Amino acid sequence: MAQQKIYFFGRLAEQLGRSREVEMVEEPITIRDLRVALAAQAVDFADALVDPRVRACVDGVIVTDDALVRAGQEIAFIPPLSGG
Amino acid sequence: MAQQKIYFFGRLAEQLGRSREVEMVEEPITIRDLRVALAAQAVDFADALVDPRVRACVDGVIVTDDALVRAGQEIAFIPPLSGG
Amino acid sequence: MAITIRLEPENLQPDAELRAFITSLNGDGAVVSFTGLMRPTSKEGEALTGLFLDHYPGMTERSISDIATDAAAKFAVEDILIIHRCGLVLPGAAIVFVATSSPHRRAAFEAADYLMDRLKSDAGFWKREDTATGSHWIEPTAQDAKDKERWSNIHAGN
Amino acid sequence: MAITIRLEPENLQPDAELRAFITSLNGDGAVVSFTGLMRPTSKEGEALTGLFLDHYPGMTERSISDIATDAAAKFAVEDILIIHRCGLVLPGAAIVFVATSSPHRRAAFEAADYLMDRLKSDAGFWKREDTATGSHWIEPTAQDAKDKERWSNIHAGN
């Protein structure tokens, strides 16, 4: 089972820290399933992960919940952008 | 008969110099009559004075040919403005 | 044609940036700049002690670069410079500096205006307003979305 | 609200002017600047050695001041700065620098755009283009008149 770093930005980074090490229980996995798996592992960021306004980024690109992700890719969860 | 300085700008200043001393044969006088009087006194700027695109300024304000001017006011003839 | 993008973590000096931009030009006649300064109060009128801009390295630069590329495609501009602060900005300090150049001024004005509307809604930042009594994270406003929409129906063929 | 107008006979430095303008602001968030640089060729493509701007002291300043006052009445801007070269300008040097500030960027952009359109057609200058083989005086173009007209039907009620 691979260790995986998950990054957070904005409000989420303030609440949860800049990143967390989690277990990738299976892979490839959809973002939708990853949210559920991570929420079970890390109770304190369950709220963030189930909020549909919080979106996932894979390798720096915002993706939908259907996107597949593998261990070793850069994974982040981000709140709505504020703009510049 | 009063001495009067007439100023020129742009192309006219290049052709005629920055200013000329002339005689105010009568006053007040309309710009229209002043053009004729000055053209008779100063042959080299007759062409400039009869050109309708060359306009008169009195005390720094562009005026029509009907405007009356007196000796002692600041009088200038200007070619069309180039803008900034 | 040159596009330059920079995230500035420390101190953004609009005058030095304008000088460097003008010095780098190659015969263009028109330069438009926009400087966005941190206002000392929030939209609600609270006094602000700071504005924190969080960013996602790589993703944020790409979001700005995409905006600049879109502007270059839409308008007949020669050079585009975008410098955006990240980190903590203090009241009165510059948050963003944008400069555009073109042979004629219309394109330079339009491109700078467009860049700002896009940056305001699409740049990859998370902003937190700090007051003496607390802080809160802010989201794009309806006005930002409306400003961006100004550009959706024009220049469509360009 | 402050309007500042200056004729500059020697050397116009956009960066220093932008710095001074920003330093003088009182909490405004948006600053737009326009810098007009002398292009090295005429509209007809001849290489230029210089551009001479003749002016009528007093009248020229008043023409610029009137334009600034009109802009202040039309747009919700706070401060307006216009610095215009007079005398001999060399290729690549700045001819005009305009800066506007306002709480929100739309007014600052519109006012700067308006000021330039008006200055181009209504500022009290006579311009002579110098080439290696001679020089000629230039008159406002049809494009300048058209640019100025852009503003005649909008903001009529403001």
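Order of writing sets the chain letters: A, B, C and D. Residues in each chain are counted from 1.
The criterion applied here is as follows: a residue touches a chain if its C-beta (ideal position, glycine included) is under 8 Å from a C-beta of that chain, and two chains touch if they have at least 3 such contacts.
Keep in mind the model is a prediction, meaning the values are calculated, not measured.
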Contact-linked chain groups that survive once subunit D is dropped from view: A, C | B
Path length in the contact graph (subunit A to subunit D, fewest steps): 2
Distance from subunit D to subunit B - Cα centre to Cα centre, in angstrom: 28
For subunit A paired with subunit B, centre-to-centre distance based on mean C-alpha positions, whole Å: 80
Computed distance of Cα centres, subunit D from subunit C, in Å: 24
Contacting chain pairs - touch in the sense defined above: A-C, B-D, C-D
Subunit C to subunit D touching residues, read off their complex: 14-16, 18-19, 22, 25, 27-41, 92, 94, 103, 105-106, 108-109, 112-113, 116, 147
Touching residues on subunit B, where the partner in the complex is subunit D: 7, 9-11, 13-14, 57, 60-61, 76, 78-84
Footprint of subunit B on subunit D - complex, ascending: 54-56, 58-59, 62, 64, 84, 95-96, 119-128, 137-140, 144
